[in-house]
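Down below are the structures I want you to see.
In the two complexes that follow, subunit A is the common piece, with subunit B as its partner first and subunit C second.
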Partner chain A sequence: MRMTRREYMRNMALASASAAAASLVPGVLFAEEIEIFNQASVKWDKAPCRFCGVGCGLLIGVREGKAVAVKGDPESTVNHGLCCVKGYHSVMSIYGSDRLKHAYVRKNGKLEQVSVEEALDLVADKMKQTIAEHGKDSVSMYGSGQWTIPDGFVASKFMKGCIGTNNLEANARLCMASAVTGFMTSFGLDEPMGCYDDIEHSNVFVMWGNNMSEMHPVLFSRILNVRQRNPQAKIIDLSTRDTRTSKAADYHFLFTPQSDLAIANGICYEIVKNDWVNHEFVKKHTNFHSGKTQIGYGLEDKFAFTDKPEPMSFEQYKAFLEDYTPEKVEKISGVKADDIRFLAQVFADPKNKVSSFWCMGMNQHTRGTWINNLVYNIHLLLGKISTPGNNPFSLTGQPSACGTVREVGTLTHKLPHGEVSDPKAREMAAKIWNVPVERIDPKPSLHTVEMFRALDRGDLRFMWIQVTNPMVTMPKLNRYREATLKQDRFIVVSDIYQTPTTDIADVILPSAMWIEREGMYGNSERRTQHFNKMIDPPGEAISDTWQIIQVAKRLGFDKEFAYSDENHIEEIWAEYCQFHNSPKHAMAPYEVLKARPGVRWPFWNGKETRWRYNSADDPAAKKEGFDFYGKPEGRAWIWARPYEPPPENPDQDYPFWLNTGRVIEHWHSGSMTRRIPVLHQAVPEAYVEINPIDAKRMNIQNGELIEVTSRRGTIQIKTVINGRGRPPKGQVFIPFFDESYLINELTLDAFCPISKQPDYKKCAVKIIKIS
Partner chain B sequence: MPICSYLVTPTPGSMEQLSLKFHTIPECEVVPSTNKNLLLLLTETESDDHEKELQTTLKGIPEIECLALSFASNEELPK
Partner chain C sequence: MRSEDNQDQLKETNLFVIAAITLVILGAILYSVQMIVSQKSEQSQEHVLLIDSLPTDTSHHVSYIENQVEMQGHERTLVEWYAGRAYSGAPPVISHPIDNEMPIQSDCLSCHKNGGYTPKFEAYAPVTPHPELIYCRQCHVPKDSDTLFRENTFEPGNPRLTGPIIPGGPPQIPHSIWMRDNCISCHNGPSSPPEIRTGHPERINCRQCHVPMRDDSIFRRKATTE
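The block that comes next holds the complex of A and B.
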């Protein structure tokens, strides 16, 4: 008997309550079995969660070709059977009533339904035509940290190995690029040395601008669990706004936006001044360097920057830190000098095992690379790194920002192994891809912001966007939306729902979503997670991988994309693994991934690696104790990076800081979670948080509509006073999930000159009471 | 056509009585826990007005100590 939509909703409602009960009251049993969890007709299969970068293991229940239930996978060491509210409701995001089932092509200004074959023909023809008229570098592809690993791999092969352009970027540039350049400059290799297992080994958790309780709730619950079992465990929240994480923390320090640079240096000053340095570790495993200063903000088109590292001595580094005495840091940051001393003591106390966590607060920062370096400095000076419980950990926001964008390398400068500028990396790629090496361009081209600027200027004429929603998420959005609408620009969008990005498309391709196709994601802790195709996609929808393969074949690259329909994911995985066939980054074989709820690389001799660079655990670490083998001499770099102010500060005309971010109920631009009834109803629209003192001064009431204006745009939006978050005086916060309130029309497209990642956390606005 | 589910904590000692009370309300379906003081409640109504009436009924049940919404749908979505 077919299940009606109403029966489906009833099942989901009961499953939701049951899952909530299980998470709130462990061990709870019910008199009647919850029907959907126990029916023999329901088939369960594992998948990583579709949403954030934590990578919780889920079990998906499928009946009659439909995903009908979700429970946490108890076998997954990420979440041990627990999920957050988004995870429990994740399968509902598949079944929005307005799911894209067919392709559309814009004809005479209107989108008309066409067959997918016709749409793919048009995409291929338009690419060919654009290349013929304007050259290979006039076409581009903009993907996502939600791309599966096979999606990203074929995109890289198609654009870099076949078309011969480096115009390939992904939205992870907007969320993780500073983490990448932070790792690269400090360690020479990307991605964390530690893993989530550190949580249970640590007793101090320092949140650097990271509202973990809402953004990574399952990991935060693990931290709370540690604290419950160990009263000595402490959570320290360093933030620019009072959040749910602040409320749960034992210590909360509010700092002025951008001044985290000074705080980190202040902690290092105290560590050095009090001789808490682990001299043996520092001497054996680190070097000191300085780089360029006054490095700009990337506000102008074609901005270019290359850093120039200079070696320095420990004594020179010590002299550099003199600018960051606790008293000087207090003046910059607003954090009391005694609190800076306290933080340094907590880090340095030999009894403490310290985990630092961060995400967008440090990465979406005009000095994002620097602040990543500076937090590594603290851990390196103390030797509290690469050991269980002592690690700096950069969290990710998307399910495969690491697996696809960072590991496959779907950024302009990257290849699946190494960078395009490295002849050996190009030779390896050409050999594995079976393409002429000359075809791979040695010069990186356009990073994300510059890619949209190039579209505006006319240097780019064609852009294919997959699995992302830049018409909600690009900073300084008005300029880049207008760019896409200019004459002679051709935009292809692959997605599962209509969004503001499909609104500007010339061609819309309907995509198969998550468990409607086979794939792999890679999470924050180097864990690769495979999922099977469990259900059929609706209508004519096909996977992004297969869309790219079909267009590549239409452009004549049959030989390079001769994958089989039935086994193409396995074949792509085998090809990709050739790029990482060494103890530094070996990936698990396909059959191992199929069998397990994720495997952390390097996977070598049948064993996964939990702590990189630690010779006791990492198969590539050959030196005694630790081996930071990404850098010459196996030494990590401690960087002298100064505090520099942001490009735009509040002033007389625009007296408030604007901070943007997320809420637990909604994921990114909301195109999926806003179609999940319970999540939509929990937070149906965006709002502006304002400090109660500012509200009182301006006679603004809770729920009142106000106007928020920056030098780039304006929106009208309802206020929340004393809500889940509370900004300090002189700051407002607006979440970006709601396409009805495009907050990125106000944000600034300044970026970190090294990582090219924009800063969404600070620009200047004014607010006006409307009524 | 609202459908909701709740976690319900009965007042001490009233688990059975509350369970029976829910059985008498046509819009309610209840699943009691066998080892904890907790019930799962599924409600289904025909319209928003009908839902409001049910909410009033639920608010008037003295054996409910805590009623926590877990899921709600009336198919009203952004698009």
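The block that comes next holds the complex of A and C.
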């Protein structure tokens, strides 16, 4: 604002007058003074980013009660002040003009606005009535990795500790479950041993089916920085589709979907054959196991599977690997035998420090647990684990998939500490929650896909969905949408915007999002990040935490939910920390979280842990060198897991692979990012990527509408040829963010029998040229 | 208008040159019309008000008379500059078509590292303040559509242009300088908006005189109680 000379003189006079007055009355601010100097009035406060699991530190600029700008937080060691395009524009997702400000109840098929109090009454009444008529296991809650830690904690306490049902799941089942079971079966404890600091210590980066440049861009930039400084640093991309990551990589190997299992075993074969094994490490810190094979795909209702681990010797493991000579792997994967040898060499070279990265490619996989095990095998055989720069690292997709779903344990088999089947874990939970131990059901009930199947069958009558959009994201969507619409099914949806999921809701509750309430997220590197309430939520919107507390109180659990309105987040945090009060998983106290841009657990004796299981850094590791204390014998498990084909392969009728995923501009089902003008205008709608050779053969032009059909559904969608990704011949790729093109009507609900996580990356489709 | 003078002078030269220059000017007009059309009306109004109060005398600005291409019509105004970003400090969108979507960096830096006139887009390329960050598409995305999925009521927290506190004194820096500490990439050169262009680009130690405005409080000595 430019002042005229007269204004300037007047202001100077005012300023000196108020300064003179202030010197007479110290500590008192004068109104005129604020008028003059209130130009840099944007106040900044820290928060983790709302979107992906990287967990960048942001500084949010707030002026006059509104979020107006974003900066990367230079203090955060996650992103060192740099964000991606979603992070920079994240605050705009708060201000879509169609924010849900009030509650709605469906009456005679039409949504009618009611007060939030009335809606909460109805939710509580309906829950009570359903439990009375059909039993406690007829009600369920379905949350997400976007739940804050307090949201997930009160949900667990309410469902498992108060109602006494294990019908509590979260969408992280669809994105992280195989990572969890991979960690559990190999190490006995969930979450990575390493952290992002590994990037600057590594010189070889192996991407396992992971388009990191678009999905975890800030971390990918850190890798690019390392390579700029160190000409020896190499990026190796193993993928089923040519992406921006492939283009940036030094080496790119395209493989047939599902054959990563064979590639990982092939690398181990070479390591063993050439005797590159770190025998000292393997002898001291590992042992070998095999499990069941031909384990199925979970396509049928009430599918059940329990693995049976059998110990095996190194010699037996060696014999198992005979099926994975580079030549045999080439036949399965399409990756040349010499390239398999090269990969093994790069991993094994003592000069190299190797980081493996993966996310949905390995987790959304009908053998997801197995491929996680197999990548750990490589690192364990070489002893390249739990040391700076040498680590397998499982990335996550949601801001608190780790913090809430995995650490609080909002999954059917979990409690905040341990599993429901463990009497000790139940006792601990009952004591901290102050509930009778008999109330906690020792039997896990329904995992996510089975939960929606139970809704279809009628075993389940009530579902409360918070912060997620299953009517876009469930595989084989048509079946599960029809399930929600059946008679006598009651669906409550808490969200910030109308989505395809609120379309099927009987009650919609308006939620306060992100910085409109206080909370914590936990990112992929065990970092817990606190954020303050910075602005008011619109209308009657309240936080998901407070919604659950209010319904629990209405069901008579006043004593269990006697939190105060002002300090409930701090109170919940203190209660939750009691579950993890040991050097294996201790969390930072509330004041520390408030002061710092995130703290990595275990936080013990005032120090955070960067490398778990390494006795030099991990307070719980007691043995010399390394201590894999998650397993009773203190050793990590190397697993013999074979290659098994996917349940549905391209054939004569459906000759193409369908691959689904994301783009950098959009996040999850797009309900937030599509309301951000910059992001929407960059990628306004979904499309199908097709290989130029296939397109030419079928005479399909760029931008032409084509029909993509699987055995489960069909959509018409525009083609992109030579866009930002290029599928190989015989594959098409469609992003899932666009609710106008529900690609999950085509996908298959097959899942990993161990993790119960569906495979969104592989099913068979056909393509028809319209016109 | 300068262009008329130019044309008078050029009458004696051959027809080909006239045609070429007319084309360039036409292109520039089309370009600026397109830029103005794409702005949101609310946002531009605010900035128009700010700009109205700016000094009209720009005689102290650097003269680019020796540039081969006529500056006029190629200059971006501050309104246009803001139209390309959601708020001050947000990464600007890519305003031109991109040939290849796949590489992370494309050829961005070949024009945006040092700037200069780009005949293809008939514009001066803005200079990036952070050429060391090579993954451009992490933050900068193209604009492929003018539509919205839903309306958005976000209001940007743009800094107000500040004049000097004391007449003739150096103005404060009203924005964050994180990742934008290379001042001349926006405050000098033909792609910089004239409203924020420095009059003395030869003085390279900007922060000798210009300091960031980080806070709106003023110093007050605490009262001594004893």
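The rule is simple: the second predicted complex is superposed on the first by the 732 of 771 C-alpha atoms of A that agree within 3 Å, B and C clash if a C-alpha of one lies under 4 Å from a C-alpha of the other, contacts with A are read in each partner's own complex, and residues count from 1 in each chain.
One rule holds in what follows: a contact is a pair of C-beta atoms (placed from the backbone, for glycine too) under 8 Å apart; a residue touches a chain by one contact, two chains touch by 3 or more.
In this text, all values refer to a predicted model and were calculated from it rather than measured experimentally.
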First, second, both or neither for A:517, with subunit B first and subunit C second: neither
Subunit B versus subunit C as contact partner of A:677, first or second or both or neither: both
Greater residue coverage of subunit A in the superposed arrangement, subunit B or subunit C: C
Contacts of A:96 with subunit B and subunit C, given as first, second, both or neither: both
First (subunit B), second (subunit C), both or neither touched by A:46: neither
Contacts of A:481 with subunit B and subunit C, given as first, second, both or neither: neither
Subunit B and subunit C footprints on subunit A, overlapping residues: 27, 89, 96-98, 497, 674-675, 677-678, 680-681
Subunit C-facing residues of subunit A, complex: 1-3, 5, 8, 19, 22, 26-27, 33, 37-42, 61, 63, 66, 68-72, 74, 81-85, 88-89, 91-92, 94-98, 213, 217-218, 220-221, 224, 228, 242-244, 247-248, 497, 664-665, 674-684, 722-726
Partner subunit A, residues of subunit B touching it in the complex: 1, 3-7, 31-36, 38, 40-42, 44, 68, 70-79
Complex interface listing, subunit A residues touching subunit B: 6, 9-10, 12-14, 16-18, 20-21, 24-25, 27-32, 34, 89, 96-98, 497-498, 670, 674-675, 677-678, 680-681, 740
Subunit C residues touching subunit A - in the complex, by the definition given at the top: 50, 53-55, 86-91, 93, 101-105, 132-135, 137-157, 159-163, 167, 174, 176, 178-179, 213-218, 220-223
